[in-house]
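Consider the two complexes below, in which chain A is the common component and chain B and chain C are the respective partners.
Right after this comes the complex of A and B.
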């Protein structure tokens, strides 16, 4: 029961090569070349969503489980930061780890329960959980202010001499967290845990038969995925300054799903590239904005049919066929 | 006492819709093992088609119903042929993601055509009649009867015709069905068409009672999933009875317990079931 296209990522041996460094340098220079704050805001948002997409990729791409509760965790992280700051005066720098911890904990507990269901049942179960989280956030007015949402969320305080009041400083901060996420996931993939996860993804019965603790592996992936969604949510709340229940809407999960699918499910860089392409296009092109979901929906259907491994997969098979021809 | 009777009637009206939608969902799951996340959007399209035909083209209600049902049946067959059949041998993750794509697509298309507003739809049966001594809008009684009639037709089709037997055989054992010469591809297409038609019937019936809007399908899909999971994925009787039960629980719970969290009931029930029975309540059987 292979869950993914055969070109989905499997770890390569050897060092990371030059590409990640080149991308990082480009990312460091990019904000300086942007004409105005509007584009900087979009860039910052893209970094934040990319973190969340990376999180979804851990449970979906590495462990092969379609979790539709992802935006619920994004919402929990965002509301944790927002409410701690506005109601208890807790600084962003304490609120953020608290939000991540809360997401990891709830991810661990919810994962322990949901992951006992498999395949379709897991998808349906997590969708129900996602909706419950969204509805609770929306209806629990005394805590979350319901539809009105939370306003006036303070941003990150200065760290030493560095202040995060300017848009550009915030974009670098988001980039920092995205880079951290990318490094952490790379290490995860190449660790024994990552190999276990991929064994589970490719054939969970076989993995179980050879003595892999399938449940523990999936639960680890789910917890990490929830924690990353929480990190993204916390950054989102701190940067935007206001927050409504739609941040935990199931539609957010579908957006993330599209980012991951476009870039390449299960690949390391895919979700990041996918976020930039899809989110960037949806913000820049007016046509796309107007009928965004018409295109998104169609894109999902077409991608899964003709390019199930996304851009990363297409690129990989292109390189492979070139190499084969050269030989 | 009258409040109770009214709420039971409300429950039966909503239950008719839930059951019709859940029946389609369970049929598709039973024969093709695809959780069709877009099913509620087919229901929504049925409602919109009848709205457009009645309110904008001035057609009679039942003519609009007929056109909507036929259109959706064709759309269902096309959906199976174009989207789901090519993915039949792909990992199950792929067909789930495709279903999500269709769901987003249909809802966005409806929003682009008809806008995000809530639309009111007229019915020729707006008058109030006395139903077992209870004052009721005539359309509700018509809805109950029409829904029951469609469900009985479906059951007769499944149990009394060769095509119905082929659907049941495919649901029980796809490979076995193929071995005895059943064209399972055609069965899948017919199943999808019937399911979409049932969703359309539900949409057109409920349109004059609830308002018509793009997101009206989303919650219904989720409720239908709850019903199908409770009744057993693929089970026809489970979906039929489950639909009415859930709607009654909601309408009574909403009146006597809490209206704020009414929509939450279904999902909490679903989570509880999965928590204690990770593979659902019943084994599937058509």
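Right after this comes the complex of A and C.
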């Protein structure tokens, strides 16, 4: 399973350089240049999915464990916000942290059980967990309204003078949370906690022998991953306004996996870039919906054959070989 | 004073008894060698002592405490460090990062510290980097901090593995065939390093196939054969022990 051995490493400490700032400025200007709300909606959803992909990257890329329960946590976060708002009248701003906390807690508990298995068994185990969460959401009709889903979910209330009623305001809000996620993950990776996860991913026997509590480290990664899926799910529910059980579908997990793999497993920027490329392409290809998966399937095979570390990995080796040649 | 003791320590895999009621006592500050033919159970004994494998029966006492039921990371934190026979490291992380992972057990900063970049995290990171650079210097790897482990030579990787084990200042260091896969000159350098480590007060228990290495380093040697301890004593005694000669030169 070569995919589970990403070539990413703990980045050198030091300044992040200019690239992240340039990307942020571009992201701030971009919504102003979009022709209509349709593109803004797509952009906002891409931000939300990118947060979820970053979460998957924490358990898959940093800790090296292929979790397929990810959309389950996305669903838990989304339904927490949706049901708290529609059934209990809880505002989005309280529902969101509650949803994240619920995801973190369930991530901790589920992780404690699933992480006793390793490798393929862990992947299969977590996929079963994801399917169970999806089924619970779908079948618990008295709570979740089953297939009909939850409608009329109120969006975020204004914060001071800032209202989030417009599409553009919501897109900036999603961008804010994505930037926050990116900063948090960067700090995590460049800390002793991130280094420990790298050690667990690369060689759990050696990590354990030098005093790393491997189980606790993996559980931490799983919990963070679930919490970020919950954040993305909560935003999704609040922004779209309606929610069906398909948001917790296993297919969603595979979409996230595709985003992370295309961008580059274990890299910091890869999952975000991958989300924009794949989600953007899927919108463009929506006109040829039947063939969409055929095209993605072929593209994925080609990608894994020629760029196993994703676009970020390919870019990194290109830069490295250029630097080597220049010296 | 005895730092490590095992009492009738046993590890069986199904019907095979890889470690068969082994009694072992390692004096604090000593260099003790474990020798024996292939398949004698030496590495299994290490795995059980370092808790990478659970014992089937018997007791392990480290520094006066019964550690038989602890987990691997817990005995590591108590001060038992080890290297592995195959030089397995952390992929393509840098030499410095490798050693920093070894120091992690000494630091307390957690997730919240990482997210907030707390003072504690900064202080501990400075402390960890100092300790890591020190130990890399001792291991003869100064100047290689930023190199990837996979770009190092076999000998440098062996030294790096020792540095990782050493950085958290263990009381006991278990070395599994430190001289495997390196040439005679490099072995001489490694012997010097092991002697330096022992001189700094770290007790050493090592598995070794090369007799001249064992005879030169160890004041006490234990011989395993078929999971059983068949002899124990000074290098001189072991050299003339009939049971040892028998185990090495063939059976009747």
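Methods note: the second predicted complex is superposed on the first by the 313 of 327 C-alpha atoms of A that agree within 3 Å, B and C clash if a C-alpha of one lies under 4 Å from a C-alpha of the other, contacts with A are read in each partner's own complex, and residues count from 1 in each chain.
Going forward, contacts are C-beta pairs under 8 Å (C-beta built on N, C-alpha and C of every residue); 3 or more make two chains touch, one makes a residue touch a chain.
Treat the numbers as computed from the prediction; the structure is a model and nothing was measured.
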Chain A: partner with more touched residues, chain B or chain C: B
First (chain B), second (chain C), both or neither touched by A:318: neither
Partner chain in contact with A:209 - chain B first, chain C second, else both or neither: second
First (chain B), second (chain C), both or neither touched by A:285: neither
Partner chain(s) touched by A:148 [first = chain B, second = chain C, both, neither]: neither
Touching partner for A:180 - first (chain B), second (chain C), both, neither: neither
Overlapping contact positions on chain A, where the chain C interface meets the chain B interface: 5
In the complex with chain A, residue positions of chain B that touch it: 29, 33, 35, 83, 86-87, 90-94, 96-98, 100-109, 111-112, 222, 225-226, 229, 233, 260-261, 263-264, 267-268, 270-271, 274-275, 278-280
Chain C partner contacts - residues on chain A that touch it in the complex: 5, 7, 9-10, 12, 184, 187-188, 191-196, 198-199, 201-203, 205-214, 220, 224
Residue ranges of chain A in contact with chain B within the complex: 1-5, 60, 64, 66, 113-114, 116-121, 123-125, 127-129, 131-132, 135-136, 139, 254, 257, 261, 290-294, 296-301, 304-305, 308
List of chain C residues in touch with chain A within their complex: 50, 52, 71-73, 76-77, 81-82, 84, 88-94, 97, 100-102, 104-105, 107, 109-111, 113-115, 117, 121, 124-125, 128, 146, 148, 164-165, 168
